[in-house]
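First the structure, which I've put down as structure tokens, then a few questions once you've had a look.
Labels for the chains are A, B, C, D, E and F, by order of writing; each one numbers its residues from 1.
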Amino acid sequence: MKAHLTRRYRFSASHRLHNAEMSDDENRATYGKCNNPYGHGHNYALEVTVSGAVDPATGMVCNLVDLDSCVETEVLSRYHLENLNTRQEFAVTIPTTENLCIQIFDILHRRFPHAHLERVRLEETMMNSFEYAGGQELIS
Amino acid sequence: MKAHLTRRYRFSASHRLHNAEMSDDENRATYGKCNNPYGHGHNYALEVTVSGAVDPATGMVCNLVDLDSCVETEVLSRYHLENLNTRQEFAVTIPTTENLCIQIFDILHRRFPHAHLERVRLEETMMNSFEYAGGQELIS
Amino acid sequence: MKAHLTRRYRFSASHRLHNAEMSDDENRATYGKCNNPYGHGHNYALEVTVSGAVDPATGMVCNLVDLDSCVETEVLSRYHLENLNTRQEFAVTIPTTENLCIQIFDILHRRFPHAHLERVRLEETMMNSFEYAGGQELIS
Amino acid sequence: MKAHLTRRYRFSASHRLHNAEMSDDENRATYGKCNNPYGHGHNYALEVTVSGAVDPATGMVCNLVDLDSCVETEVLSRYHLENLNTRQEFAVTIPTTENLCIQIFDILHRRFPHAHLERVRLEETMMNSFEYAGGQELIS
Amino acid sequence: MKAHLTRRYRFSASHRLHNAEMSDDENRATYGKCNNPYGHGHNYALEVTVSGAVDPATGMVCNLVDLDSCVETEVLSRYHLENLNTRQEFAVTIPTTENLCIQIFDILHRRFPHAHLERVRLEETMMNSFEYAGGQELIS
Amino acid sequence: MKAHLTRRYRFSASHRLHNAEMSDDENRATYGKCNNPYGHGHNYALEVTVSGAVDPATGMVCNLVDLDSCVETEVLSRYHLENLNTRQEFAVTIPTTENLCIQIFDILHRRFPHAHLERVRLEETMMNSFEYAGGQELIS
């Protein structure tokens, strides 16, 4: 009797999309205005989905207090109101929302022990979102 | 040629999270303010997803009139503007949104014959939602 | 050079609509299922609008940290995850969303000194909202 | 390391639900007011989900410029501000949202080469949506 | 002690923007694709705002049951799932959302006696909305 | 017979809140993490409200094509995917959302001749928004 719980969080950050190994022309062709040297930013919406049996004693998959505490410490305090390009994990990796989504999945996969992490979904704008469910084939 | 149809409904109800077999301290530690004896409430959003072949004669997976009628009779009239703790199905089972979601899935699974019930998703607030797809492993 | 700032908050509470001076039939005729003795609940969205000149030194109407702190202390901690009928201010006054909106306006009008309180808007559901702008005629 | 990208588009169109092989009574019984001879309309929201490995050079599943260009040319210019019943693909097929969703999936499946098309989701209103993931069993 | 109540409704309809007194070229220049002879459609969201003193006996500006009943009878049953151009009130008047908004205001102004009608707001899409507050200067 | 038209636009930008005339401690006390030297960013939603009589010939307050063209040229191309601090108008003025809102109002007030500009509303996040209606007292 497995159920899924999805919790939504928000944070704001800036980034510049730029690959130092590509020429200026290639960067501009690939990223358009997102390549401007001073960066731009987004309000990201983060959805974390975990799954598990519903505990008969509590009626819960896991306690939201634990999930909120983990996401606050491990994700929001790291990225909220920051420039992603200044983070060490994006020193080489391009801070696209795809890569940020994978990064957050990997952090929570290692740090949240109270339920199974199913997937992370990250909205960059109301028009774009990205999902990642780990290294193996995502069935969804 | 199978398609999925998701229909969204809304209802408002109140509940108190409290396990009679736990001490007051345990209840407070588990549920926080949600354990207050007078209860609190939510506007729930319910999403029902059914699937099936698209009928070539009608162009439909199933008729929304039938789905609406079933959800109205079996779910909304039972829970809308009610206190969940006063319902017999939550006399022992804690009326968390996880358990309410499972309960609604089980009701619709038994009562809606016009398409395959895929899953029930229940939003407690804009920040929390729960999904249940039946007793077997949920692949999603 | 006056600007308006609107900040949005959320809380969940339960209430029962019941006037002790009316008969059971009158209560049921007036409030329908909202009169059920065990109550029901909502996720309320609260929008607080304040106005003032933009301070040239800070570029702000007022600091959101101050507004958040006041609303948290004076409003959210009082109503979030509570049953409104148990509050002294609703011992006689019916805890409709109209009256809750007026109550919140009056609290913030007395307690928030950093900008002019223009109005309070309270959403009971996605379909209903209420606005109050103080005892004089509301021009809007 | 496969990720999913979902992009959201909007268009407005009108349709009439009517099966020429059914009697007037059958049409009315099946479609209700949606059978009125002059049609009615919707603001559709279209979500296109594609998947693939994240390209290490660009940090992207595919370039949104390519996806937008394909959807604009192949879908939006065809349906936006049009009457679906006047389109050849709906000369016989009923232009329900189920069938429109399948049609859009088939168009994009043939015309978008830059990533794997996972599914198409089409919202007819805020209350109804449809998903299609191709001719084989949809696992979701 | 006047408060405002806003209630939100939804309906779907189609229209064609065309002025019979203008040439085809003028119509196309004015309305673009919205002039196509077969029409297109929208999901309209209608917000009705009324105001009044809060009745101390009920705690309400007016009873939502009365407002819903009036809007259902006078507006929704008239326009939902219809083609606006077939209505007599749009035989000459162009059924733009501006004119539809004014029409709905005038209907409700004449037919809803239980509170003061402040304004009608009509969303044509998530990107466009229109407001009308009667024949005199709208202060808002 | 004056009506209001509100059109919604979106853009993404980054900014740093920092007043060069304040000490580092004052900046940090005033702006918190928004003062970090590398900036952060937002998805802004911009609502432009104009008013006027509805033209009997067209049924419109003004043509949305004209409004879109003006906002695209004068506002979106200037700020979308940019760092606000690099703009000359924010060389001295702090690029808070209050000041950005006033700046956009002033631009549109000078450049849009087809209807009366009533106000500009700018959402920084789903929780914060700002409105400006010109140099005189804003009645709303």
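One rule holds in what follows: a residue touches a chain if its C-beta (ideal position, glycine included) is under 8 Å from a C-beta of that chain, and two chains touch if they have at least 3 such contacts.
Keep in mind it's a predicted model, so treat the numbers as computed, not measured.
Chains touching chain A and chain E alike, please list them.
In this structure, the chains that contact chain E and also chain A are D, F.
Over half of the residue-numbered contact pairs in common: that is the test. Which of D-E, A-F or C-F passes it against B-D?
C-F
Using C-alpha centroids, which chain lies at the maximum separation from chain D?
When every chain centre is compared against chain D, the largest gap points to C.
Only C-alpha atoms count here: how many degrees separate chain C from chain F in terms of the superposing rotation, rounded to the nearest 5?
Between chain C and chain F, the superposition angle is 120 degrees.
If you average the CA atoms of chain A and of chain B, how far apart do the two points sit, in angstrom?
Roughly 28 Å separates the two chain centres.
Whole-Å distance, chain B centre to chain E centre, using C-alpha means?
Comparing mean C-alpha positions, chain E is 34 Å from chain B.
If you look at chain E, which of its residues touch at least two other chains?
32, 126, 139-140
What are all the touching pairs of chains?
A-B, A-D, A-F, B-C, B-D, C-E, C-F, D-E, E-F
Would you tell me which residues of chain F are touching chain E in their complex?
1-9, 51, 54, 57-61, 63-65, 118, 139-140
Quick check: in the complex, which residue numbers of chain A touch chain D?
17, 19, 21-22, 30, 32, 93-96, 98-99, 101-102, 126-132, 135, 137-140
Which of the residues in chain F come into contact with chain A in the complex?
So the residues of chain F touching chain A come out as 10, 12-15, 32-34, 36, 38-43, 80-83, 85-86, 125-126.
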